[in-house]
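You will see chain A twice below: alongside chain B first, and alongside chain C after that.
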Partner chain A sequence: MENSKISAAEAISIVFGIFVTYTLVALPKSMLESTKTATLINIIYVGIIALFITFLIYKLLIKFPGDDIVDIAEYLGGKPLKVFIGIIFIFYFLFSSSILLRNFCECLKIVYYPMTSLIFIILAFLIAICVTLHHRFSSIAKVNLLIIPLVVISIIFLFIANIENFSFDNIFPIFGDGLFNTFITGLGNLGAFGGITLLYFLPPYLKEPQKMKKVYLTSVILGTIYIILCVSIILFMFVSLMYTNQIMPLYSAARHIEFGNFFQRLESIFLLIWILQMVCYLCIISKISMSTFKKITNIRDEKPMIFVFALLIFAISLLPKNYAISKFIEDYIYHYMVIIVSIFLGVFLLILAYLKKRKKKELNTNHEQSI
Partner chain B sequence: MHIKDLFSSLFTYTPDDKQTYNFNLIEDPNTKAYTDSNLGKEGNDKTKIFPSLTVNLDYLKSKYNLLINSDIIFREFVLNARGKQYNALLIFIDGMINTEIMNEFILEPLMMRNKNNLYEGSQNRVISEAVANNITVRKVKKFNLPNFISSCLIPQNAIKQVSTFEDSISGINSGNCALFVDTLNLAFDIEVKGFQQRGIEKPSNEIVIKGPHEAFVENIRTNTSLIRRFVNNENLVIENLSVGNITKTKCGVCYISGLANEDLIAEVKFRMNNLDVDSLLSAGQLEQLISDSSNLNIPQLISSERPDKAASYLLDGRVIILVNGSPYALITPGILSDFLSSPDDKNQKTLFSDFTKIIRLIAAFITLLLPGLYVAITSFHHEILPTELLFSILASRANVPFPIIFELLVLEISFELIREAGLRVPSPIGPTIGIVGALVMGQAAVSAGIVSPILIIIVAITATASFAIPDYAFGFHLRVYRFVFIFLGYLCGFLGIALGFFVYMIAMCDSKSFGVPYTIGISPLEHVKGTSYYLPPIWKREYRPGFLNSRKETKQGHISMKWKNR
Partner chain C sequence: MNNLFKKIFIALLIVMLLLAFSKSYSTLNIDNLSVVVAMGIDVSDKNNLAISFQFTNPSSVSESGTSEQSPSIIYTVDASSISSGINLINTYIGKSINLSHCKVITFSEEFAIQGISDEIYTLINDTQIRPSTNIVISKTSARYYLEQSKPLFENLITKYYEVFSASSSYTGFTSNATIGDFFDSLICHSCEPYAILGGVTNNSTEYTGTTNSENDSSTKSNASSLSGQSTAENTGLAVFKDDALIGELNSIETLCFSIIRNNVDGFLVSVPNPNKANSYIDLHVTPLISPKVKVNIINGTPYIQLDCTFTGRIYSIESGADYLDANMLTQISNSCNSYLESILTKYLYKTSKALNSDINGFGKSARKNFLTLEQFYDYNWREKYKDSFFKVDVDSSIRSSSLLTES
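Now for the complex of A and B:
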């Protein structure tokens, strides 16, 4: 584990990277579809809620220093609960990453490789994952820290370069389909904050646990700003009828960038950077899943599991019969999975564990006083 | 028998099959002709020197295969000391010693019957005398022949008494001579080295504009003296180690005591002391033997022929390894930014050195990725090219019958051939090979429609960029991996290049050099003192590299240019 410790900056970039990856495919579009022109207000609203949840998670996790959610589950309900929670989270990670990979590859196929079978595109990613998973988690975190600035620069560049194409009137009506839709139904957009799930697993990896609060809050704040930036680009560029038909809205926005006669089509450079981010995300998720698996099964070395996990991702990504189904899963099922698994289940478990700890402490205090 | 056959049998020679000379070293590779030799494994056999000269003589004769060895000289003579005569033996290797020193300062003083040698005074010298109850007690010093020989008879600056054959043979092999005297169970290892060697010349592979123009040579002592001249401090320690069971190559581990990290020094010595190899002939071999494992085969030790560069790293707190017979110093640990730095960087103003560093970084990316990107763009991502450029590329490729990958590989491999040929041919012809290869062949290939002109430009830019990498080994590494990216670009365009580059970066970030992360200073993007890729202004270079954990953190005062405050 000593070799897998990561710095605060690396931890922030890992959590932030999860937010970033989901915006690359269809997240901004699905958010815009649910809350229409009120999306910006909605993101600020759900962002504040996500920040509150993050703070709550931090406050609860700090009571169990160095433990992740699987360890805490073991404390709460012994081995059975540890295994149960571990399996749920592994399933969540594998399912979400596989569906995201499938959708990303579908987009790549449509854009660049129409003659290539989807299987080969997915396999290319999986081969890269299999090779990189043999390296330390800290190395993956280091590379992630190098890639994240590139992605952020690409999005900022996308925003600035497209300013001339923006129509700021698109923001109106500012409350979209109404207050209820923005603030109540729009709570479903909490699903965009899937990166929160990773917060439950970070404590054992942190080189400087005292910076946990900074890591957690900074990553969620940065993630919220980033989502606002991505959604703004699409909201200002396309009218609602157009963005619903886009495969990768950010990619479509990139196609509009033009600098004189020489730089007319730069979208493939954006795609190059986003591929880097996608594979990095897959590596991080697979590594966390594997270490969780190692924890619940007590196996000595997780490396033999690399191919098993890669195969699982491959198999799950091929489960949806077509792009429409996998898109539906990403747009709806994934969002609810995030809310149920990472927000409700995780927080509920932490609260229960905290209560148990407090009760135990009280009992000990009473026992000591009676003695 | 025909008349023709009779004629031919009489006047021509037909070799008999049985007598045909047909030498085979091994008939069957699975059968061993000999049992395993003990050569090189007798290193631990520390046989003591015998008091009898005849026994020593026989032992050494068999050791040196004197009956067939032509350059080992056994010089027997009679040694005169304090009026007594002893049989003695000098052993040395012809061609490795200075004959003048041998004759004038060893043989002559030992053999001549001068006053000193013939002095017949009492051999027991009274040191003190005491009388008690009319009894005189005298404390006398006995005559000590070994001390007498080394302190009175041989006027040589470096003389050592050794008690085992291993030590004496090691001295003889390195160019010293060994003196054996009858009745003494020890030998004298006398330094009389005098073999021919190359003088100090200009560096040929690490050329700088403003720095000194001296390079290491093959002799380890010359190299240590070069470093000492630069460091000029008594805390510079040069420890001797020998590597190789047969060659016992002398290696020097250099560090500045009180500055270098003790753990780093211990690790270097630990790795070098735990090498079970028969021979060590160059610094390049040692580099491979003591490097951390890396999937990418990146150079993890800096190899330099410049004493000023070595001294600069020593003063940072790093450890230098010198190998006898190799004009290169190995510098540990080496990190990525070191391989993109030149010794001239510190001799120039910050702006210029940082500018050249940026150029080198771009050169590294071009060397690694440009051909791959070209293949990817022309095969998958045409839209990235402006229409006019796309038309010109298409027009230039119109007459080329080959696919882009074949065209590129032909050119890249041809270029590597020219480069290799340029290195191997005698130096006066080298530039000619370059001109013939690059200009004439390139022009001819374009005219013949084998390759397109745009590809010539791509390969030329890549080649030029590869020459801008200061470290030869790192440049080589990039050149090799360029082919991987060409294939990835051809297979799946930017997707392949992105995935390949990701794996490449991960492997690089995972590498370590003597416990130091290889990419420190670049990633993690944490502030580690003194590790920035770009050089700060000279007044701001206060800290030694933080990853070395040197015993002295700063290398200059907070305000180094104190004259400005006066």
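Now for the complex of A and C:
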């Protein structure tokens, strides 16, 4: 584990990377679809809630230094709960990443590989992660730290280069489909903050645990700002996207970038950077899933599991019969999975564990006083 | 042994991926593609559409050197839809049509009147079509328009199509109307689509204006005084209501459109000479800031205020003129203000009362008056636009003449 320790910057980039990857496929569009012109207000609102949840998670996790949620589950309910929670989180990670990979590959197929079978496009990603997963977690985190700035620069460039196509009036009517939709049903957009799930698994990996608060809050704040940036591009550029569906809205925005007659068709550069980010995301998710699996099964070496996990991702990604189903899963089911697993289940478990610890402490104190 | 197994496995994977991806590569290989530079869609007697594809032969340029023009080839096919038309042409020419470099899509006026949403949706759904592809509505048949589009100053027709809309930024007499904007306006609840008005020079047109400058400003495609080797022209704008063509704008109206959309960097305009009756002064006017649009809903009716600020220089000069006189410059500025206000107001009332089409996108500004989308949809902006009232304020400051300040 000592070799797998990561710095604060690497930890921030890992959590932030989850936010980033989901925006590359359909996240900005699904957020716009639910809250329309009020999406920016909604993101600020749910961003504040996400920040509050993150702070709560931090406050609870700090009571169990160096433990992740699986260790805490063991403390709370013994081995059965540990295995149960471990399986739920492994399922969540594999399912969400497989569906995201499937949708990303569907888009790649439409845009660049019309005659290539989807299986081979997915396979190309899996080969990349099989090779990468043989390295330590810290190595993957370092590569992720190199890729993330490129992705952020690409999105900032996308924003700046498209400013002349923006219509800032698209933000009106300010409350979109109404106050109830923006602030109550719009809470569903908390699903965009899927990066929060990783916070439960970071403590054992942190080289400097004292910087945990900084890591947690910074990554969620950066993630919120990043989502605002992505949604702004789509909202200001396309009125049509609120009423129609286009694959990869950010890619559609990239297609509009032209500098005179010389610099055109820059979207391929964007896609190349985004492919690298997708590989990083898959590696991180697989690595976390594998170490969780190792923890619940007590196996000595996780490396033989690389191919098993890769095959699982491959199989799950091929489960949806067509793009409509996989997109539905990503747009709706994934959002609810984030809310149920990451927010409710995780926080609930931490609160119970904290209460148990406090009760135990009180019992100990009473026992000592009685002695 | 383990290493050998690994090497064999990796080699097999590489071969498998090469085979899998080679099909996409060979499909998109330049040798198997025929590059379409422009498309034309007409009404057909035999089927739904008559689709014309204009190709260029790049190899003929390299063979003939740079001094000669590359000939373009036009094929037309009658088909029930664009995709089946492409299929038929693919079979006929033995290559796969590629629309990645299609810069212009032309619809004949006759076709556009019936509505073009199906075709626009199909084209925008095609990954090869760029959102920057220009949309032209031709007064003649689309095929004839493509035939008459000849690059005189470039060797390649592709280059001609690449730059033909560039004059919009310094004349304002045409607009860089793209399929991306068209599609967005088609779906938008607060604006209407528009396209470039194309045509073929017709020298027999009679002019109704009383003075020369009025003739200049009432020019539009198929009704201009131009003559030359290339007879295709792109002056004016085609106005749509939903997906159907409902009217046209002439050059000065298109200039007004370009001013309001902030699409023009500078333009020439002839304003009445304040010191001489029936005489005009040519000014080169530059927008200082983008126009400010304010829309209020008063008693259920849109009240649209437009503020434009310009700076400018005197372009034409006559003998005895003194353009260093501050009073003179103020008078010319005032004349410019009145003239621009008058043409802008006339244009705005034409779009609302005569055409009932908000191509200017005022609806986007109107949305500020509503708190929710439901309220905005209930208001039905697209229909209420015809009841709009306008107030135009122009503040221009003519600074001086150019090289000559007195004569």
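In this text, the second predicted complex is superposed on the first by the 366 of 371 C-alpha atoms of A that agree within 3 Å, B and C clash if a C-alpha of one lies under 4 Å from a C-alpha of the other, contacts with A are read in each partner's own complex, and residues count from 1 in each chain.
By our rule, a residue touches a chain if its C-beta (ideal position, glycine included) is under 8 Å from a C-beta of that chain, and two chains touch if they have at least 3 such contacts.
Note that this is a predicted model, so its numbers are computed, not measured.
Superposition of the two complexes onto chain A shows chain B and chain C fitting side by side, with no clash.
Shared-chain residue A:146: touches chain B; no touch with chain C.
Using the contact criterion defined above for the overlaid structures, shared-chain residue A:279 touches chain B, although it does not reach chain C.
In the superposed model, A:269 lies in contact with chain B only, and not with chain C.
Between the C-alpha centres of chain B and chain C, as seen from that of chain A in the superposed arrangement, lies an angle of 100 degrees, given as a multiple of 10.
In the superposition on chain A, A:239 makes contact with chain C only, not with chain B. Contacts of A:124 after superposition on the shared chain: both chain B and chain C are touched. Residue contacts after overlaying the shared chain place A:113 against chain B and chain C alike. In the superposition on chain A, A:10 makes contact with chain B only, not with chain C.
Touch criterion met: A:135 reaches chain B, while chain C stays clear of it.
After superposing the two complexes on their shared chain, the closest approach between C-alpha atoms of chain B and chain C is 5 Å. The contact surfaces that chain B and chain C form on chain A in the two complexes overlap at residues 112-113, 116, 124, 127, 261, 264-265. Of all residues in chain B, those touching chain A in their complex are 380-381, 383-384, 386-388, 492-503, 505-507, 509-510, 517, 519, 522-526. Chain A makes touch with chain C in their complex at residues 36-37, 110-117, 120, 123-124, 127, 167, 169-170, 172-178, 238-240, 243-244, 252, 255-256, 258, 261, 264-265. Residues of chain C touching chain A in their complex: 13, 16-17, 20-21, 23-24, 26-28, 127, 130-132, 162-163, 180, 183-184, 186-191, 361, 364-365, 367-368, 370-376. The residues of chain A lying in touch with chain B in their complex are 7, 9-10, 108, 112-113, 116, 121, 124-125, 127-128, 131-132, 135-136, 139-140, 142-143, 145-147, 261-269, 271-273, 275-276, 279-280, 283.
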